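The letters A, B, C and D name the chains in turn, as written, and every chain counts its residues from 1.
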Amino acid sequence: MSGNSMGVLFRVTTWGESHGKALGAVVDGCPPHIDLTESDIQAELTKRRPGQHNSASPRKEEDVVEILSGTFEGKTTGTPISLIIKNKDVDSAAYEDLKDIFRPGHGDFTYARKYGIRDHRGGGRASGRETVARVAAGAIAKKVIFREGIEVIAYTQELGGVAAGQISLAEIANNPLLCPDRKAAQRMEQKLKAAREGGDSLGGIVAIRVRGCPPGLGEPVFDKIDADLAKALMSIGTVKGVEIGAGFQAAGMTGSQCNDPITPEGFATNHAGGILAGITNGNEIVIRVACKPISSIVKTQQTIDINGNPTTVSIRGRHDVSVIPRIIPVCEAMVSIVLADHLLRQQAVVSAERR
Amino acid sequence: MSGNSMGVLFRVTTWGESHGKALGAVVDGCPPHIDLTESDIQAELTKRRPGQHNSASPRKEEDVVEILSGTFEGKTTGTPISLIIKNKDVDSAAYEDLKDIFRPGHGDFTYARKYGIRDHRGGGRASGRETVARVAAGAIAKKVIFREGIEVIAYTQELGGVAAGQISLAEIANNPLLCPDRKAAQRMEQKLKAAREGGDSLGGIVAIRVRGCPPGLGEPVFDKIDADLAKALMSIGTVKGVEIGAGFQAAGMTGSQCNDPITPEGFATNHAGGILAGITNGNEIVIRVACKPISSIVKTQQTIDINGNPTTVSIRGRHDVSVIPRIIPVCEAMVSIVLADHLLRQQAVVSAERR
Amino acid sequence: MSGNSMGVLFRVTTWGESHGKALGAVVDGCPPHIDLTESDIQAELTKRRPGQHNSASPRKEEDVVEILSGTFEGKTTGTPISLIIKNKDVDSAAYEDLKDIFRPGHGDFTYARKYGIRDHRGGGRASGRETVARVAAGAIAKKVIFREGIEVIAYTQELGGVAAGQISLAEIANNPLLCPDRKAAQRMEQKLKAAREGGDSLGGIVAIRVRGCPPGLGEPVFDKIDADLAKALMSIGTVKGVEIGAGFQAAGMTGSQCNDPITPEGFATNHAGGILAGITNGNEIVIRVACKPISSIVKTQQTIDINGNPTTVSIRGRHDVSVIPRIIPVCEAMVSIVLADHLLRQQAVVSAERR
Amino acid sequence: MSGNSMGVLFRVTTWGESHGKALGAVVDGCPPHIDLTESDIQAELTKRRPGQHNSASPRKEEDVVEILSGTFEGKTTGTPISLIIKNKDVDSAAYEDLKDIFRPGHGDFTYARKYGIRDHRGGGRASGRETVARVAAGAIAKKVIFREGIEVIAYTQELGGVAAGQISLAEIANNPLLCPDRKAAQRMEQKLKAAREGGDSLGGIVAIRVRGCPPGLGEPVFDKIDADLAKALMSIGTVKGVEIGAGFQAAGMTGSQCNDPITPEGFATNHAGGILAGITNGNEIVIRVACKPISSIVKTQQTIDINGNPTTVSIRGRHDVSVIPRIIPVCEAMVSIVLADHLLRQQAVVSAERR
């Protein structure tokens, strides 16, 4: 038990169910003297908001964050920051029919087996809605790392089998799919439309890049920065794979191809994805995560009820067709939290070393 | 700092450098009453031993483990188990020339930047040799999970671009590459031979399967079992990617393809890889990890010295051509440790629940 | 940083400042299937409420707890339980004069030196008000341990130099000081009255007894149950000393006096206070904690302002004359949380052992 | 389980049994660039060595420490430091008779009930011998804090009911009891002699002072520095009570007596013992711990065997008459480890703050 916290010095604990009263996070260990108001966090929540896009559910989540502690006169004080996002637009009636059925792809079956009891409404704690607390906490982490010049940018690398070819980061803000390839984005939109019409859903790949990260972050041998990034990203419900730098492509390379030559100006290539032996090398950190298609689909699926009897299910309600692009700020949040934590851990090393 | 431990209830701490006096591990939290002698651990170390295979370095690591504490009359007592493996065949002379050079692909540069000091001999703490302590600790974890009927099997899925096609687990023990496809294994051997002759190295993919795992293991939302597995595996120096079940392929699937239908007899497919919402579902756990090619190659590489001046380096010494198959017992160890830890964590849930 | 959590499996994180919007706690790791409603928690908060007694401040804290997550249909689900207590009767004006002054005995000076910024209103995070979140979380812990037959009872052992002589637990509920000696309680009341009139405050000793605790709780060598109890209790702002069983008296005993003889019916005496080698022995756990007098007093005190200039301060506002009896439910909460955590940790040992 | 580690950033894990092959510690998180050789540690072990004094057992523990990892060319590298002390003078024969008997005051009964199995030889893991690993790890912590000008000094405050009256720190090194009052030391010696002759043992009080500690160490609200100190000291088997500053005396004081007035030159008194609201205030840290008398006595005691049958026991073998003075370096070690950990944690706050 007690798996709802992450981080050592910058420590985030989240709580809340999809159809409960509220969701929230406690951020413990945020340094003092950081300007922080609700609008800083609200901006990140807005990126996660549904209803902005074709791929998203019509559920109108008006996610308003409130800071309950940890700041004074607009600045952090070093004490724990409590964030709350109340659930407003909650309609649990749609879930009454699903109360006794295990939805394929969801945590219904495993939560029942693990705990012997579960809040079935909207998936309870296993809902993707849980990520709203991650994004809120991540907004604070973003401010912590931004002070050090570190910036995290995530975008749509692939959706419904359509991959971004030309990567133009400037393009990301120009299309609702946050895709760096405008033409690919258009084809992705068509895929989404077709999937929605077919009562189905789509998966995709999110790419994450971290710029301005100093060398030295990461604590071998188990708390390597890539290990902690992998854990943080894999803890997102939809993620089934994580790769760093060349990732799975590295498996097919030779050493002479894969090793990044070092020059006085820096690394000549970046197959390492900015991380060597679990420690940042000063290069851009490059990560890709595989997102499975949304599990809730209208198409009829075979399943069982809680008594083990076979049945079928068609999930109507309000569901996204793809977690992309709404998962993108969640990925950014998770990476930011890991970096904030390791930044503080490394400051202990550096401070001690300088004596 | 303090990143050399993993696990919450079954907690492993490792220590030791490549060319130091010894390496070892402390396993804290191992349940009492488990039969444990050095030969149990030795068997796992042997799987990791070099010199067994074409791909491996001629360094003759006679890794003999000694149990220093935590057992009494051949059984664990619940107190911490200290394991030590002394370094015997250590020749640091070969590293004198490399003392002031940052080897591409290695942790030389990042350790220097992080700590400002490093044991350069054989890579010090960043050496793959560090994994010997993981394997030793993992042997104990294997015994813990085996009592519950859980078994971890890893094998070579791909090497040097050659993929195993036909998967026959019975075949694994029949070839030194631990490949489930005999013909593929032969082609892999040819690739290894060519790479060695060319002064180069190869990467590959290891697949890991866990059988007999009960449903219920994993602690959402951050300590999900897949998150902890990803961290544990990504903490191995050579690993650049981790995927669960359908993994990156899931990104290209639709929901109706990817969701595993549930029947009274169990899950009809296993795209989830045995894990739903971060909790085991009773199905086989399926993981794949991407291993980069060995960074130490004879081929001349461009780099810099510790003063930032450009230079070149050709690494001769005794080095494997690929981490495969020696990394396979390491992968098994990491997965076993994660499972042992989550098994104990879930027993606290179950015990509490049963009241 | 990140010191606002306690426990390993039953993990409590608290947040909130004296004059902020709210205070609260997240309880992660509470077992599922426990009946839990707000009234369970409210009952404990009431014990801590001021204005009930002569010793207490007239501040009318209407502490109403709300459960925001972690329960479903009146039962815990195994997911994190978020508790919130809103601050209602907050008057920060009285603290304006104290904004630039370090009050003796308080955390003003050290918070300023540690963080360089602080919420001065009512002591901010360092206020005794922080304990309301501990009591709320402790109420859940109490339910967890009560299922196992464990009960925690604390009472006033000494106040203002007056010690309880005759210990009659039945008497505790009969007087507002929760003192097991009626006559001593009367003398304590006189001391309180005199102190209030003199603009001064009083310290005292709280005794805590744990009944029904099974043998086996505690995790040597560092997470011994007495070590964790000492930490939990010493983390209460007012506590300056903790002793177990014979405590400081043991220092003056001989081995033949101090050792508890063991008989087939149990331990003949209880100088060990129910704990041997850091593990409960099945006997009653006996703890005493020394509480310093309330730091806020009307009497004029010498101090400095934030610029280091000498000044004097007389603290009027609404303050208790003694932390006793309001600290008593806080002590019970801390002990209950430690026991709940160790109960779960021990269940992992027992479950594993039984195989 | 897994209770054999302490610290967050400076993390110590110990292992080993009284009559096992060896005992040891892994220190993870020690900053790099600290001069460290075995002689630094040996000096501390010598202070703990028996046979130096009247109060001590004739067991001749030649404790020789070996550093197995974590240093390079005489300096720490930031990687885990593994320490080993081999058991040499081990005679388990004397314990054969005790194998089936629960010795009063010892952990025999509770270990049996907790784990269902135990190494009875010399008390196994529950032996005071376990503290040799603490002292070894503490020697490293001492070096870490000494760089910051922090020094920990412990001495005998009371023994066998005889209290030190005149405190002269210069006197400590002049008598084997490490007592700051020469005349009291002589009376203590007489008490020890009488106890030894009577087949009995004595308890006492150790005082600990920390000088040069900067303000700001401690992480409220649960990881307050006094809370962590109390835990660390209470985790020593012999300790039954811990008090800070005025401690239990504070319970009898008024606020105007207990509060330390603040002047431009510092605190006028030190009833707080150097800690306010869980954070160091720059003043001397003052701690006292109560040590129970040694549990192993020659005098016949009533007990039961492992089958619950009544019996008696007289423990002959080689035992100290009092843990004092041998416990003194252990107390210093525990305090040093806590301070080293909090020093690193605070450096993360300060570094972050300074931006």
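The rule we apply is simple: contacts are C-beta pairs under 8 Å (C-beta built on N, C-alpha and C of every residue); 3 or more make two chains touch, one makes a residue touch a chain.
Since the structure is predicted, the reported quantities are computational estimates derived from the model, not experimental observations.
Student: Compare the CA centroid of subunit D with every other chain's and tell me the farthest one.
Tutor: Centroid comparison gives A as the farthest chain from subunit D.
Student: Please tell me whether A-C or B-C has the greater number of C-beta pairs in contact.
Tutor: Higher contact count goes to A-C.
Student: Roughly how many whole angstrom separate the Cα centroids of subunit C and subunit D?
Tutor: A distance of 26 Å separates the two centres.
Student: On a C-alpha centroid basis, what's the spacing between subunit A and subunit C, in Å?
Tutor: 38
Student: Between subunit B and subunit C, what distance separates the C-alpha centroids? Give it in angstrom.
Tutor: That gives a centre separation of 45 Å.
Student: Any chance you could list the residues of subunit D touching two or more other chains?
Tutor: 1-5, 8-9, 14, 31-33, 78-79, 114-116, 125, 220, 344-345, 348-349, 353
Student: Which residues of subunit D touch subunit C once you look at their complex with the stated criterion?
Tutor: So the residues of subunit D in touch with subunit C come to 1-6, 8, 14, 102, 104-107, 109-111, 113-116, 125-126, 130, 158, 160-161, 195, 200-205, 215-216, 218-224, 226-235, 237, 240-264, 268, 271-273, 275-282, 290-297, 299, 301-304, 308-310, 345-346, 348-349, 353.
Student: Give every residue of subunit B touching subunit D within the complex, in rising order.
Tutor: Within the complex, subunit B touches subunit D at residues 1-5, 7-11, 13-17, 20-24, 26, 28-33, 66, 68-70, 72, 75, 77-82, 84, 114-119, 124-125, 344.
Student: Per the contact definition, I'd like the list of subunit A residues that touch subunit D in the complex.
Tutor: Touching subunit D: residues 8-9, 31-33, 78-79, 144, 147-148, 220, 343-345, 347-353, 355 of subunit A.
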